[in-house]
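Here the structure is laid out as structure tokens; the discussion comes afterwards.
Letters A, B, C and D name the chains as they come in the text, with residue numbers starting at 1 for each one.
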């Protein structure tokens, strides 16, 4: 059984969105994913981290985003968490095109992209406590 | 004042040495360092992380290496820490060519490289509790 | 962030970044909206040749500009999209309102 | 990890990795030591053309092979080193015992 873990926390600054993508991509690279699988993972991470920064913390850069990754055999599990304002109704939030911040030109496609690109996405959130997104993806070893 | 922080922990596996380099390099990239400054930072991190894995944990992959980075204005501070076996005498350990593991073909140049490539290196260690290496480097903004 | 040129009221926008995410979306939006205020623009053509990553924040910027320009009868084109970015456009359903062409020339000649 | 070829007892070692750190040092060492046991080798020439990163663990592997080969009168050469890797060799003081040449041909013709 192959296993590897990494936990990261970083300032809730938008410049760290690309950092989060690079970090997860280098970690996931050990599973030898295709370029497309890697892009799927980067996109999903980008969406979740951006949401924590914009929605969870409303761009308060003094706050921290938590990113945890685990490889177990051929599956990567990625957790993105914030201790921000939380989501009132997760089911509504996850609907395609739903956004609470149209004035920021959010497209409301964040959760849809996470669900399209990962095998499984689970969101749990408590109002005024924070939000946790758990995503997994199996990387198909035999190419 | 510009500031940014990142904290990472990862399994003490040798395959994560390159991960640590990539992570710190992407974080440091925000200071717009020269390629040579970036290589200096990567080398110093590689040495400290490798030491935690080999000497601190004697390659017990279930253990964790802690890496913390902070940018404050034009200076990056990097802390590499382990909760491993510690160093009896830090002054001796830091001497060029000193190694406690010649059988593993260690060159004894790890600390020397950290000191050559960073502006400042401080090592604190407690026997059987762990080792902490704090390194800083100022990136010269005007090129 | 972006370079632009204006020809016959067609605004050509060229990205200097390689990744169109939330971090650069804000600046891109401001820069373009400044141009829309100060110059006469009918259509916008986004050249994606440098972009190798885009997420839903990128979609937001493009839709936002589409809304501005389409209310005056203008169109939005994207050219030189990589297969990956194309996939993102397709998933977002934006390919129904935005015109995707291989090259700048094809976009212009369709006008 | 490595490719090798043997010509007139000169072992040419080519790295397939781009980074010579502790992670790959162990495998490189084992592979080369297997060859040293099974074949007749006098000198070793390391071709660094693919290596863009090396730390003190890399120095350790090269010194280790130098110790084996020099006790039998052999030499160690490194060729095609990048300026960065050259800096590491210089700092380690290894440039006094290891011969650094620009190309494989120069290394061989110096023998």
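A few notes on this one:
Here is the rule we use: a residue touches a chain if its C-beta (ideal position, glycine included) is under 8 Å from a C-beta of that chain, and two chains touch if they have at least 3 such contacts.
Fair warning: this is a prediction, and the values are worked out from it, not measured in the lab.
Under the contact definition stated at the top, no chain borders both subunit B and subunit D. Computed centre separation for the pair subunit B/subunit C is 43 angstrom, with centres defined by C-alpha atoms. One simple way to say how far apart two chains are is to compare their mean CA positions; for subunit A and subunit B this gives 28 Å. As a whole-number value, the distance joining the C-alpha centres of subunit A and subunit C reads 26 Å. Centroids of subunit C and subunit D (each the mean of its C-alpha atoms) stand 51 Å apart. Of all residues in subunit A, those that touch two or more other chains are 15, 18. Multi-chain contact residues of subunit D (touching two or more other chains) are absent. Pairs of chains meeting the touch criterion: A-B, A-C, B-D. Within the complex formed with subunit B, the subunit A residues making contact are 3-11, 13, 15-16, 18-19, 22-23, 26-27, 30, 64.
Residue ranges on subunit D touching subunit B, taken from their complex, read 19, 21-23, 25-26, 29, 53, 55-57, 59-61, 63-64, 84, 88, 91-92. Those residues of subunit B that touch subunit D in the complex are listed here as 14-15, 17-18, 21, 36, 39, 42-43, 46-47, 50, 53-54, 104-110, 112-113, 116.
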